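Letters A, B, C and D mark the chains as written, and numbering starts fresh at 1 in each.
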């Protein structure tokens, strides 16, 4: 695993827990964690439970005890690591967004396609697909329970930088993060919406906004929690918020909004879908619940059903607890690890593929282009 | 109409509005309002739209322009007025609780039975029955959608006297009000639960509590809004809260709680019912909604449905607005007036009858007895 | 009053009820209702409680017993009636949208300005402003409780024509209705958002969509409830859904969505506002509630507060019931009537003015232009 | 660890995960799992990650690699194992209810008291105390934010045996389980309510009910998931539902309801508390949320706050994810393990102690006595 910050902790928990609840055809071993700083990486290895620590990711490619490279670093490093790992015959799990540009993402998708011919697998970490309620949403759409889809409204609302005194972390710097809310959280709702619909966005009209353009420099840039130094301020070079209208290939209209300035909303991922036969609504603040309106029912008793997605029938749930005992944020990472291991064992491509990640990247790029040109833009 | 305070205003609105939205077989005319104080009653007549004012309720019985006597006074006056009105051949609508004692209620029910033989009708004002969501709840139970009922949990939560400085209004004095939370609001949930189930409570185990036993005397005692005088304090002689367990004739178990000390709950009437085939949940804070769980559905998509009870199919709704345009508190009074007028025109007994009111009174009395004896008590 | 369908019934209820709960400086008398068909108009007069019936709106202008003309007809007739009434010295209350075009709206606003110089008043019926929770929202923003506003997301979701068999009512014909979801319901959320913020939209990027382009002809076109005839089908000439991004003069970003295809949402008006100091959220499905996040509170106890907007302190509420006894859809019409009467008596201009209505019309026109040109458009 | 079924899996996850997220003064090692059947226990050791397997719990007491005995077996075995373990100098974590009778619980509490003198610690597994929202609730009460407590209403609602065809598992047999809903889930809400209030119940009036008295015999009795055999039926010897009223030492009134017949409620633990200064409400179906009403606020903006309990300030949360990334059911077990390890290292008694468990047992016994005698019963 490369990177041991927020995502590194989540992925470690996934590898640790997956074999304890799921029957896996292969047994994951947590071999090596890799970071830039030796002392911190070694401490992370102990804390997170990795057998070895490395400070150069290239070392992983030569190790026989590494079959999967799990990339949890900022987006600017994804392409180089992923392509090299695939070429070295290592399966790759790469955090989202796939890359910081369409060009890089294209290179990665090409590498993944070549690797697949050799049985080497690549997967991009759109983890929210594996929240049981979102998987169930996709299933209901695929079963036709919603009919023809008319509307998608998707929001990813956070508020962690609404305070202008919040420091300039790497996530606010374009050269590291590629973009701001758009790539960090907008990417998730683009993927989730396309995943649930089984459809793709083909054109967008969007706008990006940076509300606070100058922020205190952080003493260090390693995470969300850096504190302001006395070193002055620096420019925010990414968007604080990204809004766009979208048209899907199948005819649905979408509104998308990703922001870090929704005061009071910590991690609200909301997806609402209206079709000719029914509707769905999801909010990650209540992540074990999916609301479903069945429009074919008698109007006298019709209503949005609050499905508590903790039944054995529901995706992934059977491995966990009895009905009504909800899951948390990191369980989706466990499901991701499970699906990757199963795909590797079955010699099939796991989803979302790098091609899926590339498609999301194209949507994000079209939003940026649209914001610049102030017109609709094709994906 | 006798009385022109809170309930008088609500009943006036009902008589005013009912013929404007509903097709009625008879046309209500707002003839006479009656109060103790001439000036205030005449002002009320103008404000509320009554043609005449009287200060002695007995005068109503002699007037030819009065066919219905609508009793909106405190409970200690109900029996005398209602019995006299029925004997004078006037139809009677009487606010709840029917009376302050079982004995009085029994006298009233007997009078109503005699009057019915003469085609004179009597109805007690358990208005919440006519909230569309509660009517719908009864319909679903009657249709068997819940199966055998196992559980009822009913709460009526208010907080208007949680402040010990709230004055000693007539509602806190036993000789006027009969009881406190028990009769004022507990009566409503007893009636609503029995109404929805189509069943009666046959034994109870309860407890009454007065948290604040001494309060400032109000300058006047005419309503909820009296302000504290400098005249000192007086004893609270009714319960602040009433809690009881109940067994229904049909086998259901109930928990009931009525309190004026639920800080932050202004008028939360909650009724939840669990049956072998499904469940219902209602909260008056969201009065246009009924939650319904259909336990016969596939567990993968089952969930409490949030039925917005504003469809033309729903009870009373067709007369009002398009779907999604909710009703308010006083609409139930309009529905009550409509049903009374229709029963009179059809020469049938309206419900809830005085006998129904008597049965509720017996439940309340059993709760008081149980509280005193600290044992279960039959109704 | 001109028109006696859905809006006519709502306005009649307002005039009937307003003086019964509010102290008004003038006493409204329901003098004349006007419709095209004599028999139906006379029936409406009886049912709704108007003293007289006319079939030509021009007759109202000559009547001495008419001081206010209340226009409840389709949008294509507003300009002619309103201008004539104002010129005849009658105060005017005109349903929204003010007109079917900016040009007409401009003529009306000019007429209102001239009339105001003579003490003749004009008001446009953006009724939702007078839902207490929305009035409270404006007050909180005006008090600075939200700080600088970053985001507005507003949705008006209905589903009454999601069925392709729903007939071609006048609301689906451009020559009568001007536009579809955009003008009918989009206008409401534009006004509500601008009202709450105390700010105006200055540019938009939008798209309009008609999902069902051909519908059965209705036997008659007088309302929502027409049934399909055997006369074949006709083209839908208005939008089923309107989506747009918006920028406010003060720097806020907005997403707006108005649709008649949100299956299961009957009349969901949702407005969410995020500012630097706090946030608000409202949904008309729970119309007596406003959610407020105070971002200045300690994070350990901060959270969206569910304010039940039924306290005496809340706008308009004091005239009605005790705390916790909610209001319904039509109460906002009563508040509108109250405010109009008070403005007339005080010899001041009521709000929203025709100029406000014109500004909303300009936003709607900009959305249409933007949809056609596929670019951002200034208002 | 003794037992490897539902609770065994939850406890294993706790021991596995605790040291990965929390800084612990001692490092837990998962040494030995113990079960009755060798093959199944060995399989559990592999699956759950225990180094060794034993089939006799007494063997644990002699092993030097066992410092803590974690008891996850049915209640009838708790006393013997716990007392022996404590006497052998092993710290003990014992699942709730502490025992199947007050007598056994008393013996255990005495043993714990003696052991504590030797520095040997005992803790009972009322895990829900360690759900962050419930810990926060206690903190708010302890800080006086609720003032004097008037009301507690607590419900634990499940529905897993509402179907009469559900088999007769060990949980439905008195000799194994001690009681039904009362001890299994009622115990949790008794503990949680007492914990939050920092007060104890001193008298109760309750009733127990078995709705389905005969059920199909399960093929095996090892868990919730046994399937019906053709071996006929057997009697249900425990309660399906337990309801009781309670009085707390400090003057609060409580209503408690534990049932396995609340159709549609899978694991709804609801606790609502009303005090003179404020109120709290919690529902485990939305376990990362606590609702708090601050009655000292201006009524114009007061309302129940939906606190999303995922802030770094909140109990236990700092070790996990950024704000808004919710926890799941099993996280409370991890918190329990953390607190036990820290208490052992600090040489202090962890809570809840066996004495706390005994007190809960006394409440449960009083409910049973009250149900039998149909009167109030002291604890």
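Basically, a residue touches a chain if its C-beta (ideal position, glycine included) is under 8 Å from a C-beta of that chain, and two chains touch if they have at least 3 such contacts.
Just so we're on the same page, UniProt names per chain: A, B, C, D = Gfo/Idh/MocA family protein.
Remember, it's a predicted structure, so these values are computed and weren't measured experimentally.
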Chain of greatest Cα-centre distance to subunit C (Gfo/Idh/MocA family protein): D
Winner on C-beta contact pairs when B-C is weighed against A-C: A-C
Computed distance of Cα centres, subunit B (Gfo/Idh/MocA family protein) from subunit A (Gfo/Idh/MocA family protein), in Å: 54
Length of the line joining the C-alpha centres of subunit B (Gfo/Idh/MocA family protein) and subunit C (Gfo/Idh/MocA family protein), rounded to whole Å: 35
Centre-to-centre distance between subunit C (Gfo/Idh/MocA family protein) and subunit A (Gfo/Idh/MocA family protein) (centres being mean Cα positions), rounded to whole Å: 41
Junction residues of subunit B (Gfo/Idh/MocA family protein), two or more chains touched: 265, 302-304, 308, 311
Subunit B (Gfo/Idh/MocA family protein) residues within the subunit C (Gfo/Idh/MocA family protein) interface of the complex: 6, 9-10, 12-13, 16-17, 20-21, 47-49, 158, 160, 224, 265-268, 284-289, 308, 310-311, 321-331
In the complex, subunit B (Gfo/Idh/MocA family protein) residues that touch subunit D (Gfo/Idh/MocA family protein): 146, 150-151, 153, 155, 157, 159, 162, 205-207, 209, 211, 241, 243-245, 247, 251, 253, 255, 257, 259, 261-265, 274-279, 293, 295, 302-304, 374-376
Subunit C (Gfo/Idh/MocA family protein) contact footprint on subunit D (Gfo/Idh/MocA family protein) (complex, rising order): 136, 140, 145, 291-292, 294, 298-308, 311-314
